[in-house]
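Just so it is clear, A, B, C and D label the chains in written order, and each chain counts residues from 1 on its own.
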Amino acid sequence: MSEPVVRIENVSKVFRQGGLFNRAPGFKAVSNVSLSVAKNRTLGIVGESGSGKSTLLRMVLRLIQPSEGRILVNGAEIWSLRGGELKAMRRQVQPIFQNPASSFNPRQTIRAILAAPLEVHGIGSAAERRERITTLLRRVGLDPAIENRLPHQLSGGQKQRIAIARAVILGPSVVLADEPTSALDVSVQAQVLKLFADIKYDFGLTTIFVSHNLAVIREVSDEVAVMRRGEVVEQGEADRIFEDPQHDYTRELLAAVPSPAFMASA
Amino acid sequence: MREYRPHAQGAARPALAIRELTVDFQRRSGLLRTVDKVSLDVWPKEIVGVIGESGSGKTMTALSAMRLLPHGAKIGGAIALGGRDLVNIGESEMRALRGDRIALIPQDAMQSLNPTMRVGRQVGEPYEFHRKQSYGAIWSKVVELLRAVKIADPETRVRDYPHQFSGGMQQRAMIAMGLALDPELIIADEPTTALDVTVQARILKLLRDIRDERGSAILFITHELGIVAELCDWVYVMKDGKVVEDGPVKRIFEAPKADYTRMLLEATPSIHRRKGAKR
Amino acid sequence: MRGLILSRLAAFALTLIVASSILFVAVNVVPGSAARSALGIDATPQALARFEAQHGLDRPLVVQYAEWLGKTFTGDFGKSFQNGVDVGPELLRRLPVTLELAIFAFIIANLIALPLGAFAAMRHQRAADKGISLLASLLGAVPNFWLATLLVMVLTLHFRLLPPGGYTPFTVNPVMNLKQMIMPALSLGIVSSALLIRIMRTAMIEVLSSDYIRTARAKGAKEGVVVMRHAIRNAMTPYVNVAAVEFGFLFGSVVVIEDIFLLPGIGSFVLVGIINRDYPVLLASALTITLVVLIINLIVDIVVGRLDPRRVTRHQ
Amino acid sequence: MSTAIRKPFNWRRWRLVVTGGAIVGTILLLAILAPWVAPYSPFDLNVAQMLKGPSATHLLGTDELGRDVLSRVIHAARLSMMVAVLASLVGLVFGTLIGTLAAYFGGIVDLILMRLMEILFSFPAILLAIVLMASLGTSIFNAMIAIGIIFIPGFARLARATAESVLRQQYVEQARAIGMSHTRILVREILPNILAPLLVEAAVAFSYAVLLESALSFLGLGAQPPDPSWGNMLNTGRGFMGVAPWLSIVPGAAIFLTVFGFNMLGDGLRDAFDPQLRDE
């Protein structure tokens, strides 16, 4: 197998707590996690609230610094990057966040929102940027005229389509998604997941997809890591995890998903 | 042809009967209809699911039965609790029924508990409001209730404040509150949406046990097909304020009649299904 | 709970030290003016220098501050530049006057605000709510010194009901004391109630729309129980916080009101200090007012901690 | 849903803004045009016309030196408005700067800045103004500076709280993740989203500045005679309460009306910008 695109090595994160007078022991949100994702694959990270999955994702995004361990993207340790190298990494790794209501600046039009990454990285002339935005809006199934709207004028599904467009506008190699469909109705969720899969294929992306929803994880992932209280309890090929879980906690999770026997045969 | 409804057999009348219910809100742009001629029945000892996506009117339907709709809502149609009209009675008569004959388990347990009052006192309020009893008697009943909803160490937990409870325990406390006076009908409005799956599984089992042991009918509002399939006897599918179809849960899943139900089933991802989107 | 109180006390001490240094610097930042003010416009440079040396005003500011702080902590507030009288005992004589005025006014403000604010919230968007909100807007725009003037014009000059000013201790003549205090207290209290009405109203509206109020109704609670048991207590947390700030504002306003009604309190002492550039007097009286306000804030912080069980247990 | 339909002007939503704006606008206009609209000079003495009640020649009467009260009240508006505008501006600019930086950088910067703001805030406002006046010297310019300083902690607290809630929004994380610089995030993502509540607060600060200035002038620490200000006119009027009540009523009413107008404007703006009330 080729060199993994994202490699997480023995990463831990401790959040300090308490004030000056009552020092509490730190809260270990992520503890000694090692994971890797190969090119064009999707790693699904599944876990309940407080399992540390979102913290882990934010560390790969270089938004939170790990207390211990290293994170490598395309072979480079992201916290050692400076200047131009850092900027190049920022271009390679893009996020899609959970909440469609808060992931857009409410005072900017969709055009300004989509143009921002291009402006920050100084890509293209104004005309080329417009061209690119129009093309991408069509690609994610939206009418390009939507670019003049403000975020609150869009539905949740439309917003997540814009979020996907924004994530790929710089032509990244890695996209990290944090529960991108958990705020959506199932009918809309299905469309957005389909779009996500198509875009991933078209753009040759390597992705990490974090969710608490096991069914969604099964649908999008090639490999799965199950997290619980900051630790990865089990990881492996998606089919193997779902059909032959080894860890007790994985079994408990799967058993807890409400779906009766007659749905399994459907 | 009418479908066979086991709970309707031998029962004199439904625990809850809703006929042609409409709920309207006055908006500047005109009347906004959120519930449009909905009819549904919940028979004694039956768990009825109402499933729908956001904006389908499922929560408004549920709150109508409690007469706890937000200000400015207008109800039309008929609602009967065990044959008793709920639409035209006065507020004080309705108040006498709430918490006694009909109870609500809300979506967000944390927000639904008064943060400055001990859990035990809150759980005991239905007794306080509807039965004249001494505080000592209420207190011991509350402990029993908390034990019944499987809260460990209820004797000390009654003195806790809500924030000292975990999310699952808060929801159990809300359920205990609903159970207190053995109501004919419990309305559960997405009571597990905010919870993790493992906690959700335990809460669902608890609700099933309650129906089996105490015989309360349950109207369960949800947007998740999986929950309906696992918990309910009978299902109503709602869309845009209307019921698009209803029937026994197995039939709805295996042979849906409405296109919308079929689409919902298609769209719901499953842990048992191999992913279809892969190329 | 002990952690909470300890951290509040530490913050209090720090605040007091910084606040005292701000006051000290503010008062002493312009050099030379004290001597000129004490000795008059024609004083010779030699006389000015002698005055400064005599009172230690020619030394570096930091040294002066350290000395002043040290003395203040031992209860020595220095002597007045003007008449050499000890400031400390004078402060003690004046403090009860100001405290009586402020507490009296604050009680009036709350007696108006709590019921009106709660009632407006219960009648949200209806006529009573709109009327009370308008009343609060009107009251909030009245300068307290104008209200004081109008009260004197009506109650003293026109109806000859109350004395125009002066002070008799409560222990000497309670009736006279109350007669003299009622107008100053009303001037401060009525104006302060405006903000408190709004705060109570907003807090109650917020609480009344919360899920736990719906829960109480779903259990069959009567409206009175909903309001008294479930709503008021939860509305008190934000209310008390703002009320403490408002008390501070009210306590500062005594400077103006005591001047109008010739009350020999700390507030009029501040003015004496300013007009005569009598720095020991100004510093001591300003510090006393600040100290009282800080103590009130400290108490409220701890009380609010008790009102809200979430904060108590977080510090356990 | 469709945004193509232009909504009709919503009078209920804007009525406070319109009414408050009208009051404030009128006073501002009078202040700017004072030399042209005032019937007399505010300084002209006329011993023969001392303490005369309102009449056709002197609509609001004359003061103890025979000066026209109406003209003095109009000229005093100039001073009040100037103090209010500049003091609020001082508070707004410095407060926003301090609060936003504290929220954005957090940690020790936040701790020191906000602790300092809290201490300033815990002083009773009038007392702090008086003490500052004592050191700066009594003049109207110094009153403006003193009031401006008093406003800083309030604006800073509001700016910090608003900026913090904006910082929690995912679009700020998003901006960081694409590599946007600190300055750009502050200017492009944060500032536009915290400005609305700060501007509303500025309207309230305006009215508060009018009150504080008149209190200082009332105590003789602000505007100095013979310059007219509402505060020192009220103070003078106190001496003639029995014989010339208009000397106390008129300037007080001017303060009241101004403060009321600004408060109404502030409340109206707050409601109009409140997204929760928007669709009612």
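What we mean here is this: a residue touches a chain if its C-beta (ideal position, glycine included) is under 8 Å from a C-beta of that chain, and two chains touch if they have at least 3 such contacts.
What you see is a predicted model, and the numbers here were worked out from it, not measured in a lab.
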- Pick the pair with more C-beta contacts: B-C or A-D? B-C
- Outermost chain relative to chain A, judged by CA means, is C
- Between chain A and chain C, the Cα-mean centres are separated in Å by 53
- Provide the C-alpha centroid distance between chain A and chain D, rounded to the nearest whole angstrom. 47
- Where the CA atoms of chain C average out and where those of chain D average out, how many Å apart are those spots? 22
- Item | Residues of chain C engaged with two or more neighbouring chains | none
- Message: Under the stated contact criterion, what part of chain A meets chain D in this complex?
- Response: 58, 61-63, 86-87, 90-91, 93-95, 97-99, 102-107, 116-117, 120-121, 149, 153, 166, 170
- Message: If we count contacts the way the header does, which residues on chain C are in touch with chain D in the complex?
- Response: 14-15, 18-19, 22-23, 26-30, 137-138, 140-143, 145-146, 149-150, 152-153, 157, 245, 248-249, 251-253, 255-256, 259-260, 270-271, 273-275, 277, 282, 286, 289-290, 293-294, 297
- Task: Write out the stretch or stretches of chain A touching chain B in their complex.
- Result: 48-49, 185-187, 189-190, 193-194, 197-198, 201, 212-216, 218-221, 238-239, 242, 252-260, 262-264, 266
- Task: Could you pull out which chain D residues touch chain C in their complex?
- Result: 115-116, 118-128, 130-137, 207, 211, 214-215, 218-221, 234, 237-238, 241-242, 245, 248-249, 252, 255-257, 259-260, 263-264, 267
- Interfacial residue positions of chain C with respect to chain B in the complex: 210-212, 214-222, 225, 229-230, 233-234, 307-310, 313
